[in-house]
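So, here's a batch of structures to check.
What follows is chain A paired twice: with chain B in the first complex and chain C in the second.
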Partner chain A sequence: MNWLIAILQITLFVVLAPLLAGWIKCCKCRLQNRKAPSVFQPYRDLLKLTCKQPVVSEQASWVFTKAPYIIFSATVLAASVVPLIAVDLPTSASADVIVMVGFFAFARFFLALAGLDIGTAFGGMGSSREMTISSLAEPAMLMAIFTLTMTASTTNLSFAITHVLNEGLVLRPSFVFALAALTLVAIAETGRIPVDNPATHLELTMIHEAMILEYSGRHLALIEWASQLKLMLYGVLIANIFFPWGIAETFNLQALGYGLLVIMGKLALLAVFLAIAETLVAKMRLFRVQEFLSFAYLLGLLGMLSHIILEAVR
Partner chain B sequence: MNIEQLDFYTQAILSLAALVGLTSFLMLGQGRLLRLIFVFAMQGFLLTLTTALAAYSLNNHHLYISAVLTLVLKVIFIPWMLRRQVLQMNMHRDIEALKNNTAVMLGGASLMVFSYYVLHPIVQSSSVVMLNALAVSLSVVLLGMLLMISHRQAIAHVVGFMSIENGLFFAAIVATNGMPMVVELGVAFDVLVAAVLFGIFFLHIRTSIDSLDVDLLNKLHEVEK
Partner chain C sequence: MILVLAYSAVLLSFFSGLLGLMMNQRLYILKFSQYWFKKIPKDSERYQSLIAPCLEEKHFPFLLRKAVFVLLGLSGVFAILAGLSVLIGKEVVTDQLSLGLPWLPWHVRFDCLSGFFFLIIGIAVSSVSLYGPGYVNSYDESQHPFAILGLFTGLFVAGMLLVLLADDAFFFMIAWELMSVASYFLVAFQHENAANRSAAFIYLLMAEVGALAIILGFGVLAGFSDGFTFDALRKADLSTTWASIAFMWALLGFGMKAGIVPVHVWLPEAHPVAPSHISALMSGVMLKVALYGLIRFCFDLLGDVHWQWGVVLLILGTVSALGGILYAMMQTNLKRLLAYSSVENIGIIFMVLGLSMIFMANGHPQLAALGLLAVLFHAFNHALFKNLLFLGAGIIHHQTHQLNIDMMGGLIKKMPKTSMLFLIGCMSISSLPLFNGFVSEWLAFQTALQVDVLDNGVLRSLIPVAAAALALTAALAAACFVKVFGLIFLGLPRSHHCEKAHEIQDKGMLAGSSLLAGLCFLFGIFPSLIINLLNSVAGQLLGETLPNDAALSWLWLAPVSINHASYSPPLVLIGALIAGCVSFWYLRRSPSTVIRRAETWDCGFGGLTHRMQYSSSAFTMPFRRIFAKVWIIDEQIDKDMQGAMDQDVAAVHYHLRIQDHSWPRLYHPIERGVNNVAKLVGRIQTGNIRVYLGYSFVTLIIMLWMVS
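Now for the complex of A and B:
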């Protein structure tokens, strides 16, 4: 039974991810006074790409053709660790948050390899940029997450969320910092606006798009889907760790349905904030990204400090 | 003392303390003057909120007066005046290139660690829970000094000075439940006068060296190096 719900949760994750991307695009269009495409447009795009025949360069090795499958499955595995509608599921109990970061690193490794594999200038440039950014983002993310895990004294996300849930409303200074740090890292890691622009193929500024420039057809569909999944995953992480109220603790139909509704509401709200932020902020120069991420690291560090000093048991 | 056992107001005050510390860091890394002034006003607003909360939870009525005083002076008047001066001198489009921004930020973080370390013995032996926030206020003072050292614009120095005063005010609220009214009024008046005086100084520096960049003050040497 528990496994069934776990599988259902992962399926929901995978199915809902394009919807979130569509909703963000919709909000952004409204804010910029443009006519918005349908919320379901990402599904149509994915379908269209899947039906098309992929074009692969003659120089491409097996890494290039296998990488999309590896990236997608690693991202799905990472998603299985994060509680979406219910806590205490067997998938999230078996792995902790460090494993999740590991899955991300694995997927990123193959994405960077695939970018290098084909030998174009843009692919290599994108890979090097992606690795630079991720090497700065990962410590910041771990710092933010360690603040939470120190509060809950577990690295398991499911147990940590239960801990926050059972404690009721406690205003923690450290959570303020951890939330800010995790938000900055999420923006950098999912390639949203101040760091990377997901909507453009402008030669000199792209990071994620540069790596996947050579992909087409179903390969491109899988990579796009994986990045949508990653965006949703970070959203769920922020929503469920800091505002876990509404997540199902028992496995009856009512609680699960309520949990689904609540998480969709929370994600929709987060997406609105993201769209507003992306409309207000201009993309920063590539060489300022390290300042951005070192600020995120600083916030994580301050969160940890204020946990130790302001909240520790004496 | 664990944070879950404290009452809601104390938790809120501690969280606000953390946010006040955060605004200090934001000021430290800010190159644009108008945004610096805006963050300064935000710090003042957080301070007002803290004071009002402390007044409510301690049932201490004269703290309301100092909350209003903070609101009027540090959220509205001084930022408005600084902003007007920046606009008048047409400096709002300049971006100050901060040297070693990352190093300054890390220096700020280590100052915060230092102030926690210094205050740890006091905090441990004391029974007042809010004394915890003393560490934050000390680091606000130190970060204000760092802001004055690391920025080159005279207006940024004034903001740093005012944020030092913010830190002291915050310490007074959390540690002693507010200073006596006379002292507080005196300090507020001092700050007001200082702000006005700084405005006059800006004009003078501006007319004599045609800039507010304090590095250019080296030109005042009688012998050219």
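Now for the complex of A and C:
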């Protein structure tokens, strides 16, 4: 039974991810006074791509053609660790939050290799930039997560969320800092404005798009899907760690349904914030991203210190 | 029984070295065998028909090389058996050999800690001896005689094994020196190149300074005890100050061998110039022997560790880890890059060892055991994947005749098997899940996160920062090895040699690497195979194993308790396979979507060449800009101008030189100081015989005065 719910949760994750992307696009269009496409447009795009014949460069090796599957699987595995609608599922015990970061690293490793595989300047540029940004983002992210895990004294996400739920609504300065740090990291890691612009193909600025420039057909669909999944995953992390209320603790249909509704509401709200931020802020130069990320690291560090100085029970 | 296994491992490696010496003695062996055949006429014809073909000039060198490596491999197998049997039996075996000084015979002690390092050496030596015969075939016998290589390889391995067996300071130092000096000759093997000679000299110099420091460390201990056996040293009663002084000497000595910043400079010089299978042994195993020395010295001989030592190790380790990987990233010579990456891994190991000491000193032996487990497991993993990468680098060098990664590319199609093995090494060293490197880093993070139990507020905020530095190191390592694999194996070939390269034909070389790659994967999926063995090491050394709640089954890995953190690599593997297969089969369902091959998109200009790809310096440019202060960067762009007004650029030359800060900051001042002192001493050396006679006379007078 538990395993069934776990599989259901992963399926929901995978299925809902394009919807979130569509919703963000919709909000952004409204904010910019444009006519919005339907929220289901990403599904249509993915379907269209899977039906097309993929064109692969003659130079490509197996790394290029297998990488999309590896990236997609690694992202799905990362999603399986994160509680979406219910806590205490068996999948969340199989790996903790550090392993989740490891899955992201796995996906990124192959994405960067795929970028280098064709031997064009764009691919190399994308890989180099992606690895730079991610290596700066990783310590900031772990710093934010360590604050949380030290409060709950576990690195298992499910137990950590239960801990926050049991504590009730307590205003912790460390959580405020950690939330801010994690948000900045999430923006950098999912390639949103101001770090990267998912909607542009301008060679001077692109990062993620430069690596996947050569992809087409089902390969492109998988990579797009994986990045939508990653965006949703970060959203769920922020929503469920810092505002876990509403998540199902028992496995009956009512609680699960309620959990699903609540998380969709939370994500929709987060998406609105993201759209507003992306509309207001301009993209920054590549070599200012380090300042952005070191600020995130600093926030994480402050969160950690305030946990140690103010909150730790001695 | 266990000791017999251990001794046979040592003796076999000795014999393999001695057998190597026979390389040039073919005629003597021929004469000897003929003489012997005459002595025993019975069956002689049959033996002769067996042995005589072996001694022919054509076959003899080939067979002898094989035999040397077979003996070496057997020594490795015996080392593995000895290590495993002592780890499983959890025994401590002692013995005395009637060698050495008259009043101090060689004491031998074989316990779980030694056994574990025996296991590491055994695995590395076995894989190297599979790899070796194919690799050394490419050497020209007249220029690089195999006798030297074989002899010193055998002595080197024997020295390392003896260090682990030693139970008194005297024997320890003899074995240590055997290891250092033998490896010096291996570094200097290709001595026709001046750079190699100077690298070997730096190596010898630093090895000897390190050995002096270790002797001083033992000396401090021996000053407070009544003998040189480790048993006597264990009983020594030291004040905190003297214990700290002894620790500092040991740290300097063993740290020099292990290659922590700032005494790492010999490592990137010496490792690239040795033959690849020797660099694999040096980087993968010899550094671990230094780690063994430090662990033995601190946890076993000194006994009560102080948390301040832990902090020193933590800081040095963090600096080494970050510095090592940042320097590694900037290298273009593959073996040099791998050597710097060893500095990084040793840094990680020292960092976690520091954590373990801090927990031990603060009265949390179970957490100290967890830290020690992470240390030893990472040492084991590093031996596996670094060996694998060095052997891979050897294969690449063998096939393309170069080590500059800016001149490679596209090898994945030419060398599919090597590329697969190298990819596994890269993934392990980048600590990606499902591979062994990840598990030890995960354990390191788990140790760091237990910091809440400490009372000291400074430590509690320092350790998470170190953990974040560990995260940065891991991410940078991933970037570095994406660069390595991407530039060597992917893209278009950047040189003629790479275009013409083909897969290695020698089965042994592939088998040696495959063995290591297989173990990397195996221990990534079933880490508890090793961790259970390590638990007994911690039990013997610290008197404490992992907490009782810890679950260490083949399926689960929960080092503290299941509520704290758990990781199940087999489940993750199954999940990954399911997700991968489902997406793969689902998307393959329609026959109209078969992959179509086409030209690479060139923006409509046409003519993409290999020069348009990202190079090593281009790939690392963002890092160079962000961490600019870490290196001494010398970057020049020269433009050749032409045309009427000198305004058209005809050619652009780009020079980039990256230097290590430790040379101008630390070593050049020392070098100048030594030179100045030498000059002062030189003043009294006038070269005039009368002055020298005067010196002798004055010395004589002073001595007489002292005696009377």
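Everything that follows uses one rule, which is that the second predicted complex is superposed on the first by the 314 of 314 C-alpha atoms of A that agree within 3 Å, B and C clash if a C-alpha of one lies under 4 Å from a C-alpha of the other, contacts with A are read in each partner's own complex, and residues count from 1 in each chain.
As a convention for this text, a residue touches a chain if its C-beta (ideal position, glycine included) is under 8 Å from a C-beta of that chain, and two chains touch if they have at least 3 such contacts.
All figures in this text were calculated on a predicted structure; none of them were measured in a lab.
Enquirer: Overlay done on chain A, so just call it for chain B and chain C: clash or fit.
Expert: On the superposed model, which is not a single observed complex, chain B and chain C fit side by side.
Enquirer: For A:Thr65, decide between first (touching chain B), second (touching chain C), both and neither.
Expert: After superposition on chain A, A:Thr65 lies in contact with chain C alone.
Enquirer: Hey, in the superposed model, what angle do you get at chain A between chain B and chain C, Cα centres, nearest 10 degrees?
Expert: 90
Enquirer: Give one of first, second, both or neither to describe whether A:Ile118 is in contact with chain B, with chain C, with both, or with none.
Expert: second
Enquirer: Counting only touches as set out at the top, which of chain B and chain C does A:Ser153 meet: first, second, both, neither?
Expert: After superposition on chain A, A:Ser153 lies in contact with chain C alone.
Enquirer: After superposition on the shared chain, which partner residues are touched by A:Ala74: those of chain B (first), chain C (second), both, or neither?
Expert: second
Enquirer: Once the shared chain is lined up, is A:Leu302 touching chain B (first), chain C (second), both, or neither of them?
Expert: It touches chain B, and chain C stays clear.
Enquirer: Looking at the overlay, does A:Ile238 come into contact with chain B only (first), chain C only (second), both, or neither?
Expert: neither
Enquirer: Between chain B and chain C, pick out the one touching the greater number of residues of chain A.
Expert: C
Enquirer: Once the structures are superposed on A, label A:Phe103 by its partner contacts, choosing first (chain B), second (chain C), both or neither.
Expert: Touch status of A:Phe103: second partner only.
Enquirer: Once the structures are superposed on A, label A:Gln290 by its partner contacts, choosing first (chain B), second (chain C), both or neither.
Expert: both
Enquirer: Between chain B and chain C, report the minimum C-alpha distance in the superposition, expressed in whole angstrom.
Expert: In this superposition, no C-alpha atom of chain B lies closer than 8 Å to one of chain C.
Enquirer: Mind sorting out which residues of chain A both chain B and chain C touch, each in its own complex?
Expert: On chain A, the residues that contact chain B in one structure and chain C in the other are 290, 301, 305, 309, 314.
Enquirer: Which residues, counting only chain C, touch chain A once they are in their complex?
Expert: Counting only chain C, the residues touching chain A are 409-410, 412-413, 427, 430-434, 438, 442, 445-446, 449, 451-452, 455, 457, 460-461, 464-465, 467-469, 471-472, 474-476, 478-479, 482-483, 485-487, 489-492, 562-568, 571-572, 575-576, 579-580, 583-584, 587, 590, 592-602, 608, 610, 612-614, 618-623, 625-626.
Enquirer: Residues of chain A touching chain B in their complex?
Expert: 167, 169-174, 176-177, 180, 290-291, 294-295, 298-299, 301-302, 305-306, 309-311, 313-314
Enquirer: Going by the contact rule at the top, pick out the chain B residues touching chain A in the complex.
Expert: 1-4, 8, 11-12, 14-15, 17-19, 21-22, 25, 29, 101-102, 105-106, 108-109, 112-113, 116, 120, 123-124, 132-133, 135
Enquirer: For the complex, give me every residue of chain A touching chain C.
Expert: Touch residues, chain A against chain C: 50-59, 61-63, 65, 69-70, 72-74, 76-77, 80, 91, 93-96, 98-99, 101-103, 105-106, 108-109, 112-113, 115-121, 123-125, 127-129, 131-132, 134-143, 146, 149-150, 153-156, 159, 213-214, 217-218, 221-222, 286-287, 290, 297, 300-301, 304-305, 308-309, 312, 314.
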